[in-house]
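Two complexes follow with chain A in common, the first pairing it with chain B and the second with chain C.
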Partner chain A sequence: MSISISYQPTWLHQINPSFKLLTLTALFIGLLFVHNPNFLLYMITGIVVLYLFGTGHRWKVIGLLAIPLTIIFLSSSTTMIFFGEGEQTWFKFGLIHITEESFYRGIHLGLRSMVFGLLSLLFALTTRPVYLFYSTMQQLKLKPKYAYSFMAAIRMLPIIVEEFQTLRQALKVRGVQYSKGMKGMYEKVKLYAIPLLAQSIRRAHRIAVSMEAKQFSKNNKRTFYYHLGYTNKDLLFFLSLVVWLMISYVCSNQFTVFPVEYVR
Partner chain B sequence: MLEVKNLRAKYPNETSLLFKDVSLSIQQGEKVLLVGPSGSGKSTLLQILAGLIPDVIEVPIKADKRKISESYGMVFQDPDAQFCMPYVDEEIAFVLENRNIPQQNMAPLISQYLDQVGLQLADEHVSVQQLSGGMKQRLAIASVLALEPEVLFLDEPTAMLDQVGTKQVWDTLKEVSEDKTVVIVEHKIDHVLPLVDRVIILDEIGAIVADGEPNDIFSRFRSKLYQYGIWYPNIWDDYARQLPNYAQYDNVHQPIITMDSFQGYYQKQIKMHVNDAVIRRGDWLAITGENGSGKSTLMLAIMQLIKTSGEINYFLSDNINTCDYRKMGYVFQNPELQFITNSVYAELEHSLKNSEVHPEEFADRIETHLKRYNLYHVKDHHPYQLSIGQKKRLSVATATIADVDILLLDEPTFGQDAKNTFQMLELFEECRKNGITIVMVTHQPEIVELYATKEWRIKDGELMERFDLSRVQENILKDDMYVY
Partner chain C sequence: MRKTLTLTDILITIVIAFIFSVIYKLWGPLYSFIGILGLHVDQLIYGMWFMAATVAFLIIRKPGIALLAELAAAQGEFLFGGQWGISLLLYGLVQGLGCELIFAMYRYKSYRLYVTCLAAIGAAVGSLLLDVFYGYIDSLALWNLTLLIVARLVGSILITGVFAYYLVEALDKTGVTKAIRPVSNDDYQRLEDEMR
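Now for the complex of A and B:
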């Protein structure tokens, strides 16, 4: 079973992973203080363009990942639109009560979750975990023992997927039947989690022993196979982000789409 | 030089000592093989000699004198549990980083170590997961060589490999270990013998019963090795000699499964294709073929656990004509994945609950089965607490207790010592005598020769050749050899 996904590296892949991580985190926090849905709308168009054309992944992958994004947008916005509070009633039917306030609040909430989702995906699709950890060791001074533990854990994931498939077949052959409802869910979680955890814990222990047998952690000083420094791609990324934020701000003032400017 | 004097060790939760005043010294450049029955503490002794115990693995030990090597490398058993990086080059680089080798020197060194173990890859930045078991173990050797060790410790490095992989790994090790001290734990020793100049036998409680030169040891302690389940050369002949002669097997029984233009899919691709084939009641069908040829796919397809197309007919008892798991047992390679309860007893009980066996019969039947599979003394243990052999036996017991018609086994003796293997084969033969048809994937030609009534050879996903076998054992005895 192979779950490797092929892609063409783009300039987004070449950005220093720690820098990318910090910039996006700062952006996340900044966005929490934005209360203008117009701004978010313009902001999102730029990120969508990057998501569609900048990751170097195949259309199939991009399309598949867009499905949960859409679901997040719809679910978070509709709950607020249908059930949120407000005074200017547009529509009322049973529990559903759409007001002007709740509508814009819903749109705003949906846009915000979508920005977060898109940015996270953009990061995940353009960052190799190994580079991220090498970079955090080099730029953010993360201790090697944590970085390599994470990398070893990531290596175990495809093995766990394989084991999960065998486990499913094995349980089927043993004629396992589940109860209905919540109890059945609990049984399922137990039947899958215990063997998978048992296998993984044992494997993790073995990997740890073999890592120490390879003289890991004897001394704290180490050289690195990959050197991750800063390039002009980082500057490009930062500048384009700033420029786009400014454009979004200007547009949201000049060409408003939603007739509200402050929603919270 | 490695040395321990009057060594004692004790695992937590165990009442008895593992070693009782064991003394051992290994000279520089010596190539030593440690053998012994399961549970004799060979691997533990290896880890103590390396210093992994007690530095990394905390097991209390006590010794009057303990001298270990400053620079060692260890190759472990499980190919999937000794790498921490996803790519081949990164894995070796990890070792070089640990040794503080400057970055610009790394790439040529990586190529050099891969070259030494015969892993010529077009691109060294290749995913570890894509390699076969034998290649992974050679990568493990390469990353150990990157440590530039004086002593090599090998902890059953080929236990999880097929014959091709095993041979490759030992050939590689012979080449790279010339100037090093080597200590090996292994129970499959055919390919190891040309490499070693000293053999040490441990008994069940970790005491040294023999220590000497290979030829001498093998002529004097042959019966001990047999008793301990060591795969010494020609053990199959010794085994065959004490087997009863089987009655001639006639090939006229009713079909139990028929297939025609039958195909099995994996990720939407046809991985296996069988034309016009019949499995008959009472057969012991051995499915053989190289790794990745589609043997396991065929088994999964027969069990309808993967997508299939074409024709397959089941003729099971009680007029059942579908793939019914109450009538068809399947034993996976990793028995742990098949356990679903908290005790050996409950495992067997679960199998019966799904069957038509009357609840009043449960207790009796479980007891008989526990005794037959030699599990009675551990009936209240959690399945995960059992030894490897016991786990395998339990998974077979759960598959057979409820009157199945056919039992499918995916390499049931893989990685087992000789003792467990023989024990399992005899259990399967007993099942067969009781009317259960056996279908098993195996790499071991001796099993096919001694037990199988039919052999299907699979090649590139295609059933290429089938043989009716006579099951006359004299064939093996003819070319008997006692030379080591």
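Now for the complex of A and C:
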């Protein structure tokens, strides 16, 4: 089984992967302390532009991956909108109580989830996992036994998927019947999860033993097949992010879209 | 008993975690879809996200496994383009730490059902703490917040605790876990008995 997605490499592909990961993590932690929905709205426009034109993937891929984002927006905002606390009542029906405060807080949460969703799609679409792990070994000094284990495990996933299909066909050929309701679910999980887990653990054990024999767990004085360093693309990425954050900040103060500035 | 993690432990943990991250990836849309209904029905299935930690720990039984499993599962889900993005890594961290703390309180020596359930609660508490920052859950109406906490705890005890425990018990019957668990004092005792 092989999945190949063709794309044109862009400047986002050339950023150092661990630098990209650290920057985005810092951004995530920083955004937890932003309570102004206007800021997020301006923030998101920039990220959308980058997502649409920066990844170098086909329109079909970009469009398909964007669909779940709308569901996330709805699911992370509705609970707060309907059941959040607030003073200015807009609508009340049974348990549902929509207030001005809870409404904007809900919108804020929805926007925040979208920002994170878009940023992570951006990362996933422009980063090759192999480079990410080589880079964490070289720049972040992650121990090679962790990095190579991750890479070996990723390689095993297609085998697991293939096994899953074989298992399904085997069960079908033998005419396995499931009970109805919860019991049937339990039977299904048992018939699938246990052979899949057992088989993968056995395979992982065999591979790990041979990897240890070949000194993949050796720490010092390693040489690497891929060399990753910093380039000026990293600086460009960092600066464009900082500039966009500043523009969003100024815009959110000058041109407010939502009539609230603090939703906490 | 060797306490440090070898490459074998790490690789097996990550493979288990990745299998779970595929399940998590499929669980995500289901959770979001149920979430639109409101009333926190979705919280009952939230516990699935902690399961990698308890399952991996019950199989390998070493310090650090629960945390590594949660982080790897989050990383896996993130690499497949999971919908919650970078936030997953932080959630993985706090949930893994929650489990790890409970197992550490029993000095990594108890593998009973109630310890697994306690670890599930530990993970749930970790995720709730982060939710205060990320989801402003403390600004929900009180009855709604209570509903959320109760639903999440019940869900995680059932899935992360009970279900994970019996899943590993069934795995034990296949004999696959024997090769990878660290040798216990019982094993040494048995060996000595045989020598005599």
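Everything that follows uses one rule, which is that the second predicted complex is superposed on the first by the 247 of 264 C-alpha atoms of A that agree within 3 Å, B and C clash if a C-alpha of one lies under 4 Å from a C-alpha of the other, contacts with A are read in each partner's own complex, and residues count from 1 in each chain.
By our rule, a contact is a pair of C-beta atoms (placed from the backbone, for glycine too) under 8 Å apart; a residue touches a chain by one contact, two chains touch by 3 or more.
Note that the structure is a prediction, hence the values are computed from the model and not measured.
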Chain A as common anchor, with chain B and chain C clashing or fitting: fit
A:209 touches, of chain B and chain C: first, second, both or neither? both
Larger contact residue set on chain A - chain B or chain C: C
Degrees between the directions from chain A toward chain B and toward chain C, using C-alpha centres, nearest 10: 70
Contacts of A:174 with chain B and chain C, given as first, second, both or neither: first
Which of chain B and chain C A:140 touches, first, second, both or neither: neither
Chain B versus chain C as contact partner of A:222, first or second or both or neither: first
First, second, both or neither for A:250, with chain B first and chain C second: neither
Which superposed partner A:78 touches (first chain B, second chain C, both, neither): second
First (chain B), second (chain C), both or neither touched by A:198: both
First, second, both or neither for A:52, with chain B first and chain C second: neither
First (chain B), second (chain C), both or neither touched by A:154: both
Minimum distance between Cα atoms of chain B and chain C in the superposition (Å): 6
Doubly contacted residues of chain A, that is, touched by chain B and again by chain C: 148, 152, 154, 198, 202-203, 207, 209, 211-212, 216
Contact set on chain A toward chain B in their complex: 1-2, 4, 130, 148, 151-152, 154-155, 158-159, 163, 166-167, 169-176, 191, 195, 198-199, 202-203, 206-207, 209-216, 218-219, 221-225, 227
List of chain C residues in touch with chain A within their complex: 5-8, 10-12, 14-19, 22, 28-29, 31-33, 35-36, 38-40, 42, 59, 72, 75, 78-90, 133-136, 139-141, 144, 167, 170-171, 174, 176-177, 179-180
Chain C contact footprint on chain A (complex, rising order): 24-25, 27-29, 32, 65, 68-69, 71-72, 74-76, 78-80, 82-85, 95, 97, 102, 105, 109, 112-113, 116-121, 123-125, 129, 145-146, 148-150, 152-154, 156-157, 160, 189-190, 193-194, 196-198, 200-205, 207-209, 211-212, 216-217, 263-264
Of chain B, residues touching chain A in the complex: 50, 52, 55-57, 72-74, 76, 78, 80-87, 89-90, 93-103, 106, 127-130, 143-144, 147, 267, 300, 303, 305, 325-326, 329-330, 332, 334, 336-340, 350-351, 354, 384, 398
